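I'd like to ask you about the structure that follows.
All chains are identified by letter, namely A, B, C and D, in their written order; residue positions are counted from 1 within each chain.
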Amino acid sequence: MAIEQRTDSLRTDSMEAFYDELASKHMDALWRGRVAGTGTNGEPVVPYAPYRWAWTDIRPFVDRAAQLVRPGPDAERRVIQLIHPELTALRAASHTLTANVQLVLPGEIAPSHRHTTGAIRFIMEGTAAITIVNGEPVSMSPGDLVLTPGWCWHGHINQSEGPVMWMDCLDRPITVALRQALQEPYSDELQPATTPLGDSTARYGAGHLRPMGTHATSPISPLFSYPWADTERSLHELARFSSDPFDDVAFDYTNPLTGGHVMPTIGCRIQMLRPGVHTQAHRHSSVSVYHVFRGCGSSIVDGVQIDWEQGDFLTIPPFAWHEHLNPSSDEAVLFSTTDAPVLEALCLYREDAYTKTGGHQEVKA
Amino acid sequence: MAIEQRTDSLRTDSMEAFYDELASKHMDALWRGRVAGTGTNGEPVVPYAPYRWAWTDIRPFVDRAAQLVRPGPDAERRVIQLIHPELTALRAASHTLTANVQLVLPGEIAPSHRHTTGAIRFIMEGTAAITIVNGEPVSMSPGDLVLTPGWCWHGHINQSEGPVMWMDCLDRPITVALRQALQEPYSDELQPATTPLGDSTARYGAGHLRPMGTHATSPISPLFSYPWADTERSLHELARFSSDPFDDVAFDYTNPLTGGHVMPTIGCRIQMLRPGVHTQAHRHSSVSVYHVFRGCGSSIVDGVQIDWEQGDFLTIPPFAWHEHLNPSSDEAVLFSTTDAPVLEALCLYREDAYTKTGGHQEVKA
Amino acid sequence: MAIEQRTDSLRTDSMEAFYDELASKHMDALWRGRVAGTGTNGEPVVPYAPYRWAWTDIRPFVDRAAQLVRPGPDAERRVIQLIHPELTALRAASHTLTANVQLVLPGEIAPSHRHTTGAIRFIMEGTAAITIVNGEPVSMSPGDLVLTPGWCWHGHINQSEGPVMWMDCLDRPITVALRQALQEPYSDELQPATTPLGDSTARYGAGHLRPMGTHATSPISPLFSYPWADTERSLHELARFSSDPFDDVAFDYTNPLTGGHVMPTIGCRIQMLRPGVHTQAHRHSSVSVYHVFRGCGSSIVDGVQIDWEQGDFLTIPPFAWHEHLNPSSDEAVLFSTTDAPVLEALCLYREDAYTKTGGHQEVKA
Amino acid sequence: MAIEQRTDSLRTDSMEAFYDELASKHMDALWRGRVAGTGTNGEPVVPYAPYRWAWTDIRPFVDRAAQLVRPGPDAERRVIQLIHPELTALRAASHTLTANVQLVLPGEIAPSHRHTTGAIRFIMEGTAAITIVNGEPVSMSPGDLVLTPGWCWHGHINQSEGPVMWMDCLDRPITVALRQALQEPYSDELQPATTPLGDSTARYGAGHLRPMGTHATSPISPLFSYPWADTERSLHELARFSSDPFDDVAFDYTNPLTGGHVMPTIGCRIQMLRPGVHTQAHRHSSVSVYHVFRGCGSSIVDGVQIDWEQGDFLTIPPFAWHEHLNPSSDEAVLFSTTDAPVLEALCLYREDAYTKTGGHQEVKA
C-alpha cells in the first residue's frame, strides 16, 4: 500500500466532488454529518416531547368510527391510532410501542390473523368480549390485560349486549425497524375455539403453581389473561406494605414461567397513585405509554405539568425526568407499557433519580 | 520411571499385606470392593424399599408428645420424626429429605432459630398459628405451604384456641452430606415481627405481578406462603382442562420471581387424584415423600400395592416404578416434596414411562 | 355508552373529513394504510436487495480520504461509510448494522470517545496499531477482531511504519431506532493506557479458563481481542472434523464468560469456504454483513449470483435465500457480522433450509 | 382433636418407653439427639481435619500395584485410592470428591464403561496415552485435564513406550449420597474411536469460537481436553497482570459453551504460587482437593503448617482457614478440584476473608 501523506496541494481536490463520487458508489464520508438526536457530551437526549391524548378527543372519533366502518368488510380492525406529532413516519404513540383504541360492537367479529408483531390489550369498557388466541378463548372485561404474543393467531368477537373497547399496544415499530413484520390472515373469519374459556389461566394463572413437569422454553408468557380482580386486589394489598418512591404502588406484570416481563418486547405495568401522593422524579432510557384507567392527576415531565384524567393516554419519552401527583381524594390507576425488556436485553437500560431540590422538579410557568 | 511388568513370581507378594500397608497410609486399592447399591448393567437400582407411615400410628405419638415435652424448655421443637427403616443412620424418611410432624399447642412458642438447612411446612390441622420468617409473620392453616428457606430466622407461635399440627420437610440429609449444616439460636425466644402479616404475599403473592423493578437474585422463593384456598381452586380449575398421565391433576409450586422450584433443594408438589382415576406407571431418579392431605387410595410401587388414607406419609424411592389409584368416590389430594431440583441442577434427573402391559404394572400377590 | 349502529345515511359522513379531523388531533385510522414491507400471506418479505461493494471501488476513496482529512482536526474518524442504496436514510450497509472502512496513518490518532453504540473492528491491513479500550491497549493486526462495546472509551493510535485499515461495524441503526445513541468525547485526545498490552487477553483469552472467582455479570464480552492466529488455526482444525451445510467451516465468536455472542447487539462470525465447496441454500431472519478477508468466490442470493473477491463487502438481507460457492483452488475466508443476537433475545429469529432442487437455487440469467 | 395439656402426673410416663415404641414404628423424637457436626452458634464447623498424602508414600504403592494387578483381568482399573482417615466409610479423599492415582502401563487397556458419576483426569506422568470418551480419542500428557462426564463411555489405552499415571477425581460421594450411582460395562473391551483425535478440541477448544449455530444445552462441558500448554501459558500471562489475594495466580477451568464450571458437580482449578509469595487467609464452604503438579511449598490450614512437594495430595476441608506459601525460588503449580459448583447451585456457597493480624493466621507450634 502506497498512500502518501496528504499535502496542501492535494487539498485543492474538491471535497464536494469527492462526496459526489462516493455517493455514486453508495458510500459516504462519516465526518460529513452526524445523525440527529445524538448527545455530544454524554448527557442523555430526550428524543421527542411528551404527549397527552385527551379521552374527550379520542372518544368522539371512536363513536364516529363505529358508524363509519365495520371490522372485516371495511377494515381489518376498527382501531383509532394515536400518532405522536413528532413520530408521524412511524404512525405510533412512541418510537417503539404503539397505543391505539379498538372498538368491537355487539355481534361483530374482528377476524383472526397473526403477525410477528406482539400485542397486548388492556380493556377499557364493556364486558364479556372474547379474544381467541391460538384456539383459546380469553375473556375481556375492564382492567383485564390480554396478551396476543407474536405469531399467535388471534381474533376478537363481541357476543355481549354492549360495545367493548380496549387499548391495543403493539411492538410494531420494533418489528418494522428490525424488518421482521410478517402478517398472515386466518383461512376463515374467526379461528374456532379448541379449548374452553380459561385454559391458560387454569394452567398458569392461579396461585404460584405450574403444571407438573412444565418448564419455560421462551421468554413469552404462556398465560394470556391477567384479570383485573387479581390486579386490583394486589394493588390494595401492596399499598398496605410498601410503595415505590417514583411510581407509588406499582407492579410489573410477569410471565409465570420465568418471573420476567410478559414478552421480550413489551413490558406491562400497573400503578396506583394514592390520594395526596406526589412521587419523586427520575428518568430512564425506556419509554412509557400510559393509559389512565381510573381517576385523575398530573405528571411533571421535564418541568412541564401535564394533567390527565380517566381515559387519557400519555407518552413519556426516554430520558425525560418525570414525577406523578394525585391531588384528588380518589385513587388514580395507570396502566402502562414499556420497552424496558428490549433495553435490558441489549444492555441499554439506564435509570437515574433526580437528586436536586428534594427530588422534585421545578415546574415551568 | 522404571516399572517392570509384573511377573508370576512377584505375584507371590501377599495381596493382603499390600492392602494392610495401604490402609496404614490412608489409601486403598479401588479394585478391592465396590460400594453397595451401584447398578452394574446400566439399570437403575432402587436403593431402598418404599415405606408408608400410617396416621393411625403417628397420631397417638403426637398426642403423647404433647403431654411429655414442651417446645423450648424440653425440646427445641415438639417433632415426631419419620425414620425410614433402611435409613436409620440418616434419621430421615428419605435419603435427601426428612418428613416429620410438628405440634404446637395453644399458647406455645417454638423458639426462633436459623439453619442452613432449608425447610417447608405443610399444615395438616388447626388454624391461625403463625411462623415468623425473618421478621415476617406468616399464617398457617390447613393446606397452606409455608417456606422457611435456609438461613432464615424462624419461630412458631400458636395464639389460637386449638393445637396446630403440620408436616415439616427439611433438606437436612443434603446439608449434612455436604457438611453445610450450621445452626444458630435467636438471641431471644421469638424473633419479633417487623412487618404486618402478609408482607411477602402482598409483594409476590397475588396475580402474576412483581413490585416494579424487582428481579430474581437467587433461586430461593421470596414468597413464604402458598395458601390452600389458591391451591385448591387451581386444582379444580386445572382438572377442567388437562391431566398428567402419571400424576393426574398435578402442580409444582413455584418461585414467583423465576418460575422454577420454590427452593434449590426442595421441590413441592400438590396433586389431586380424581375419583376413579388410575394413572400410568413411571419412574424417576428423584425421591418423593408424600403426605395424604385428603381422601384415600393406593399406589403400586414396584409391583406392590400400598394403600393410604388421610394423614399417612409415603416415601417412594428413586427409580421405583409407581402408579396411583383412587377407587373411591371422593377426590384424594396428595402433597409431596421431592429432591428433583437438586438432580436437575446436577444433570442427574432421569425419567421413564412404563411401557409394558398398557402402562400398568402387574401387582404381586 | 350509547353508540348506535352505523346506518347507510351516516355513511355519507365524509371519510376524508374524518381523517383530517383525526390528523388534527394527532390520531389516525388503522385501516387507512399498511406500513410498507409487511408480508400479507405469512411469507417472509425480503426487505431490500442484497448489495456488494467492490474493494476496487472502496480502496481509491480510502486513499483519497488519506489525503483529504486527518482524524482529529478534520474528522473525528477517517471513515468511509458503505451506504446501502435502499437505506440512505439510515446511512448504513444494513438496517441494523453499519459496515465502514477506517484508515489510520502512521503517527495519527483517532481521538478517544465513547458512545452507547457498540462497535467491533476487523483488521484488514497494516500491523501494530493500537486501540485503547477503557484504558487497555489492544493490538490490531490483519484478521484480528477487536471489540469496543457500548459506552467503553476507545481511541486508536498508529505508531507503526505503515497505514492501518479495518472494517468498523456498529449497531448504530439499532441504538438510533431505540433512541439510545449517546456520545461523549474524552477530556483529552487519547485516553492513556492504564494496563500493559494484553490485559483482557491474559484474563480471559488463553485456554478455557477464567480468573478464579470471576462470573459473567453481563452479556458483553470482557475480552477485547480475538487474534487471527487463533482464529485461523481453529478454522483449519474444524475443517478436519466437520462442516456446516450452509456455511461450510464456520464459527461464532463467543463471550468467554457466557459462551454466547460477543455482544447483545452484534454477532461476529468467521467462515472458511474450502476450495470447490458449494453450500446448500437457507434463509434466516437475521441480516449478514460480509467482508471478504481472503480469496474469492460467489454467493447466490435469491437466485442472483454475486461474485466477490478479497476486500469486498456484501450485505445479505433478512429472509433472502443464499448459498456460497468457492470454485477457486484457494480457501476463501469471510468475516461477517449479524443481528442474530437481537432477534434471538426478542424471539424473532427464524431459519429455513431450502429444500427444493437438492438444496440449490436456480440461478437467474 | 382433644389433646389435654401435659400434667406432671403424666410426666411419669416413661420417656424411654415412648422412644422404644416410636422406634418400633420407625419414628423418633427430634429432641432426642442432634446429628453430629452441626454448629450451634452460627459459626461454621470444620467437619474433618486437613490431610496430606505424600508422594513418597503413594509412589511405591503404585509401583507395586503395577506388578500385582492388570487392568481388565484383575481389576477394572489399576487405581490407588486416597482415603481420608476420617472418611473411611466413604472411601474418599473428601466428603464429596475422590482423589485417586491411576496407572496404565504400555500396552494396557483400562476397559470402557460408563457411570453416572462424573470424573476428571489430571495427567501426572507419561505421554501419549489415550482416553476414548464417547467414541472420541483424547490424548493425555502431563498437565492436561481430561473430562469424562457422567454417563459418557470411557476407556483408557496406553500405546506409548512408558507408563502413564494420572490423578482421577470423581464426584462419587455425591452420586452415592443422592443414590444415583449407576454403572454399565461396555459390550467390548474398548469402545472404538469414531472420530479422529481432537474432535471436541476442534469444535470448542481453540480461540473463543463455537461452531456456527451451537448453543449450550447442559452445564456439562462438551470439551473433553484442556491441554497443559494452554494452561501453562495462561498462568504466565495472567501473572503479568494480576493475582488473587488468596490463591495468587489462579484460574477456574470453564465450559466453553457457558463460561461456567466444567461440570455441575466438579470444579477444576489451576493455580501458580510464584516464588516468595505468601497469600492471605480465607475460608469457604467448599472443599478443595489439591495435587502438587510442580514445585514445593506450604499451606497453613487452621493454624497448622502443612508442607508439600511435587506429587503430594492435600485435602483442605470446608470452612478451614487456609493460606499458601512458596518460600522457594521456583514456581509451584497446584491443580485442584472443588465441589463449589454444587454449593453454588444449591445456594450453600459461602466465603470469608481472614481479617485479623494482617490476613495471616498465627501458626501453632
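Simple rule for what comes next: contacts are C-beta pairs under 8 Å (C-beta built on N, C-alpha and C of every residue); 3 or more make two chains touch, one makes a residue touch a chain.
Remember, it's a predicted structure, so these values are computed and weren't measured experimentally.
Chain centres computed from CA atoms place D at the largest separation from chain A.
Remark: chain A and chain D have CA centroids separated by 51 Å (rounded to whole angstrom).
Centroids of chain A and chain C (each the mean of its C-alpha atoms) stand 28 Å apart. For chain C, no residue reaches two or more other chains under the stated contact definition. If the chains shown are joined wherever they touch, the resulting network closes on itself as one ring, and no chain has more or fewer than two partners.
For chain C in complex with chain A, the residues that touch the partner chain are 1, 3-7, 10-11, 13, 15, 18, 21-23, 25-31, 35, 37-45, 47, 51, 53, 57-58, 61, 63-70, 74-85, 91, 95-96, 100, 103, 105, 114-116, 125-126, 150, 162-163, 165, 172-185, 218-220, 264-265, 285, 287, 317-318, 339, 342-343, 345-348. Across the complex, chain B is touched by residues 195-196, 198-199, 201-214, 216, 221, 223, 226-227, 230-231, 233-234, 237-238, 240-242, 244, 247, 250-259, 269-271 of chain A.
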